[in-house]
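Here come two complexes built around chain A, the first alongside chain B, the second alongside chain C.
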Partner chain A sequence: MAFTTPMRILPFAAAIAFSAACIALPFAATPVVNDWIISVAKLVVLAVSWNIAANAGLISLGHSAFWGVGSYAAVLAANKLGMPILPAVIAAALAGAVLGAALAVITGRLRGIFFAIATLALSEGLRVIAVMLVGVTGGGEGLYLAQSLRPDVRIVCVVMVCCAVGAVAISWVLTRTPYQYACRAMRANESAAQMLGVNPVRLRVIVLALAGALASLAGGVNIWYTGFLDPNIAFDLHITILAQIAPILGGIHTVAGPVVGSFATVFLSEASRIWLGTKGFSLLVYGVALIVCILFMPHGMWGAYRKFHARDKQRAVAGRAA
Partner chain B sequence: MNALPLLELRDICAGYGESTVLERLSFCVNRGEVVAILGPNGAGKTTIMRAITGLVEPFSGQILFEGADLLAIPAHRRVDAGVCLAPEGRQVFPHLSVEDNLFLGATSPRPRRLRKQSFEMVYALFPRLAERRAQSAGSLSGGEQQMLAIGRALMGRPQLLLLDEPSLGLAPVIVEVVFEAIGQIATSGISVLLVEQNAHAAFEIATRGYVISKGCVAVAGTSAELSSTAAVHETFFYGARDSVARTRESAGALPVDSEAPALEVTNLNKRFGGLKATSDLSFSVRRGQFVGVIGPNGAGKTTLLNLITGYHAPNAGEIALNGHRIEGRKPHEICRLGIGRTFQVVRPFLEMTVAENVMTGALFSREQRLSMRDAREAVQRPLELVGLKGKADVPAGTLSLGERKKLELARALATNPSVLLLDEVMAGSTAAEIEELLLVLKNVHAAGTTILMIEHLVHVILELAEHVLVLNFGEKLHEGRPAEVVEDPRVIETYLGKRRHG
Partner chain C sequence: MGLFPQFLVDAVLLGGLYCLMAVGLSLAYGVTRIINFAHGEFIMLGAYGAYLLAAHAHIDPLLALPLVAVAVALIAFLIFKVCLERVLDAPHTNQILLLFAVGLVLQNVVALIMTGDDRSVSTPYALTATEIAGLSLPHGRAIAFLVSLILAAALVLWLRRTELGRATQAVAQSRDAATLMGINVIRMYALSFMISAALGAASGCVVSFLLTVSPFMGFHMLVKGFAIVVLGGLGSIAGTFVASFVLAFAETGVAYFVNEGGGWAEGVALAVLLVVLIIRPSGILGRATEGN
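Right, the complex of A and B next:
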């Protein structure tokens, strides 16, 4: 008992110290490092969002839909209404929540692969709409965020890191509430969950509104960093893919998994780019590295670490017994 | 004497991940024999089947088939070697036709050449399958699906046929048909290894048997020896004796409230396409009553539960709970109104622990959401009642089928129901476990819960139910006191069959 309390507090203290360091880092770092910070932080938000939906059995292939809607919401809030960064990203999150809730209602009883395909179609449909609504989105030419409103890059960095910390905190809090049992029950067997009093429609609306808000938030902050948006950037399939690679690589259905996976994904992609230079070859290595990781760590990096840890502990216990 | 056994297991240790299920298990099956494997749930019977078919790789030990090492052959080639399994819970491909299911049984090179003959053989053995060859397997009744599972295994032209619980969830009259067919298969020269909870039925066709306990052979002997051994008796036949006599004691022992019925069904109709699943069904259950529902496979029993709990909406008719209409409500609302239910095909949340499964039942079923702490408290009693307390922190995925049935019951109990609907909770349990569950249900009933129970085990119905409803083709065939119902000639003809299985 004597060491359980510090053991419990330790991870939190580490997480808080790490978050504080990340928030402070942009003020001391070079532009390249800031770029990495943004990349990791936005991926953490996306991955957490994707994982929250996956926890309830909702596999999304359309996270770029939320990302794009959030991006446009933020740009339009800034350009048309003159909003600075903070209110604009809140508007982005709200737009994402509304889209998520609407998606839950529209897809109704769709499950599994059918739901996944519906989300893919949603993203592609929104891209086409964005191309056609020239008056609002600038169509294929795209639009620039009003230069006068853009804050210092370091501020954007801090906002993105705060979003990432917030997203992880939310997903951690969720595991402490009855809500996690409803999600896991839904994921395992929806009809059995219903007979235990879980309302599947309500749960789906809540889950997708939350996941949508987070993914849109990531897009909404990112636009303050890049400053330019067109439909192909906003609804890029790459976002959808990253949003699921990171949690799967890190460890799906866990709190730490999406975070670990985001760091690993960005590390792999940057390391292969820097060390192997030529673009085609580095992408090949990046892809192979991802596949190898997923093949040999079916429960993700976090799962592999936990397993290793458990075995270590067992060995320690066995050693003590002998 | 010296003839090589067809199958021999030597010191097999097997399990899943960290947990060992079989510990140095050894036994053999000779040519032309029918060997039964019996044992309580969780003893490792299904794991034996999985080790033989290659779905589980043993940690150590040897499996010899015709003297050759079977473990060296990959799972998908073992069919070609002559080992075919009809798995627990049948596992037919529901969206494929009967004929396609059978066709897939003969996919390996050797049986592929004999496919035409095999079809004839299977259709001769099970004429019912020939009649339904174009129908999708999912639309077959439980008995027909079992025939199909056995037929599909036979299409692989086995020398050794493995049957995992062929009587599971079948009406007594169908159990007779299936076991007669197994007898015929054995006389045609195919050896059979049979895992079965219905020890009466198993001993009628088996030459020898092994009783497995905690992963090794506890008792071995011929069927006659085993059925007279005290240890076996305790595990398997305990539940069967004196049940009729005890019914008389238990019936009417409870104070019964005679206000509005707890559950009232009036002129209930449900059609699936052209098929009438229930037609003009009416009955009522008094508060505190224990009602049994029996009827052949496909009689509409599970459909009735699906209608009451809101998974299907009726085409016409009324369902009332304590005088309030509930038809058309969603399942989660029905749950919160106080109806709990178990599913015939168990639906545990596999990745959760046993306690978490039950806790999910406690958390969301009440109008006032429970706190996590209260929910953890609320888990204790249901787990204790069904006897799963020792496994509270084990992942539900590692439980055997019988244990999963208990978990299903515990989870339903955690929703604190005033009316409990049970869909074959006893199926897959040994007589000793059934005896335990009987006590559990008696306690639950005595605590004031109204129970409607679908069950194929006649002695269970006789022991527990005060009133029995017999369904056939979605209609009420008969209704009355249990002792009368089992004497009714129509019930004997359509459901019970000539012999009475344990």
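Right, the complex of A and C next:
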């Protein structure tokens, strides 16, 4: 035990040091680097949120619904109530939690593809509502966040990184609680899970409220960075695509997967933008990456790394035995 | 003439178009049990095929239709061989994520080649209309309605009267029993996927002279297709026909009779989709549907 303890602590120490460095980095970095930090951090929050839902077998094709509601909640809290960034962001997370819980209740026992289609319809429906409710959302013309309230970009950066670290911490804590087993049982077979004493409705409400709160949080913080919102930005299909691509690329149903995947996704997008020039390429690259991952690497990059690692260890053990 | 008769005419014409858009989705699901998240992209490819032939060879979209449908069916065959065949037994969620990704690739390949600009095909009949007893009958939509009816009837005849059509139905009813009867199930999957894509492409050709053509047009059509197919009962062709007209009447009704209805009409399909999923996931004419 004395020998294994430092090995167990090491990854945590590394994670904490890395998080601290990320939080400190915006104060030293250039605007371009800050942009990358925000992109990765917001994607980590989204990806963790998507993964938490996917862990319970709830595949979302409408994460932009949460993102958009969070964005609007933050803007309205700031513009109408004069809230600064932190309370506005908390309001955004609360709005997302309410939407997630409501989605869980109204979709009842819909599973698999039916749940996925329902989320897709929800996000598109919210977009139509945002276009039509001109009095609240400004309609198609959009809304500007009150300029006087906006803090320095670096502050927004730090808030986003803190959210990302918090999201990963939450998903790690979840793997240490019995919820993990309940979720896994739900994913495999909801009826059987119910026989084992899992209350599927309650678990769904908890999972979707948490996932919704996180995704809305990401949207709510991001609006302080961009400062402008319209229905097409808020409920952009792009957000839905990003939220699912990062965990799948990194490794679905793991803690590290969404984080690895977020870095990889932002890298792919930036690399294709810089080297290939056109914006359309990044979506094409995402599509190809997603296809390759689902067909050949169903456990993602993190899964492939762990498999490689396990094989390495086995070989070492076999070598020592011989 | 009042508003109401004109509303009926418009709704019926729209319903015919919706039939053609959704029936491919329904057929592919009924046989393969895979919801084709790339169906909207087959419609988009069909529309671009019609646009290219019209712009460069001056071929009317209706004449181009068979050619475009065959070409898109071949693309669908490639997609089936390269991607779909490997995930036939995988969890449904993998299948839909894969097809979602295929759609994403198709959209962006077209966006790169053709640029994201909106295009349109102008035909002599696209903007003309006949007045009958005070009712206006737009020629473009009427032709679209006729083409849709003919193709839908052809599909039903093919399913009922031909050996391959009956084999397709057998696979839809029970994969295992069909295998035992000596039907090559994988080949039937490929065939129904291709026919579904061809029907999508055909509706794309028709849509090309009614709406603007853009690389990202498929998504909205996909969502409408979902609403129709879910409302009609997944996998039920007859249900799809009924649901197409229900949605068309609902949308046109909102556009005609509700204040600012034009904007809200866009949301009707989504509302229908959500309500049906929540209240009766098996749809109007659907059998019990499986989860997961």
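Throughout what follows, the second predicted complex is superposed on the first by the 301 of 322 C-alpha atoms of A that agree within 3 Å, B and C clash if a C-alpha of one lies under 4 Å from a C-alpha of the other, contacts with A are read in each partner's own complex, and residues count from 1 in each chain.
Here, a contact is a pair of C-beta atoms (placed from the backbone, for glycine too) under 8 Å apart; a residue touches a chain by one contact, two chains touch by 3 or more.
The shown structure was predicted, so the numbers you read here are calculated from the model rather than taken from an experiment.
In the superposition on chain A, contact of A:Leu61 is made with chain C only, not with chain B. When the two structures are aligned on the shared chain, A:Tyr181 is found in touch with chain B, with no touch to chain C. Applying the stated contact rule after C-alpha superposition, one finds that A:Leu283 touches chain C and leaves chain B untouched.
For chain A, the partner that touches more of its residues is C, with chain B and chain C as the two candidates.
In the superposed model, A:Ala121 lies in contact with chain C only, and not with chain B.
Touch criterion met: A:Gln194 reaches chain B, while chain C stays clear of it.
In the superposed pair of complexes, A:Ile294 makes contact with chain C only, with no contact to chain B.
Touch criterion not met for A:Ile170: it reaches neither chain B nor chain C.
The residues of chain A shared by its contacts with chain B and with chain C are 189. Taken in their complex, chain A has these residues touching chain C: 57, 59, 61, 106-114, 116-118, 120-122, 124-125, 128-129, 131-132, 189-190, 237, 241, 244, 248, 278, 280-281, 283-284, 286-288, 290-291, 294-295, 298.
Of all residues in chain A, only 176-178, 181-182, 184-185, 188-189, 191-200 touch chain B in the complex they form.
Against chain A, in their complex, chain C makes its touches with residues 35, 83, 86-87, 91-94, 96-98, 100-105, 107-109, 111-112, 116, 219, 223, 226-227, 230, 260, 263-264, 266-267, 270-271, 273-274, 277-278, 281, 289, 291-292. Against chain A, the residues of chain B that register as touching in their complex are 309, 311, 330-332, 334-336, 340-341, 343, 347-352, 356, 359-361, 363-366, 369-370, 372, 375, 411-412, 414-415.
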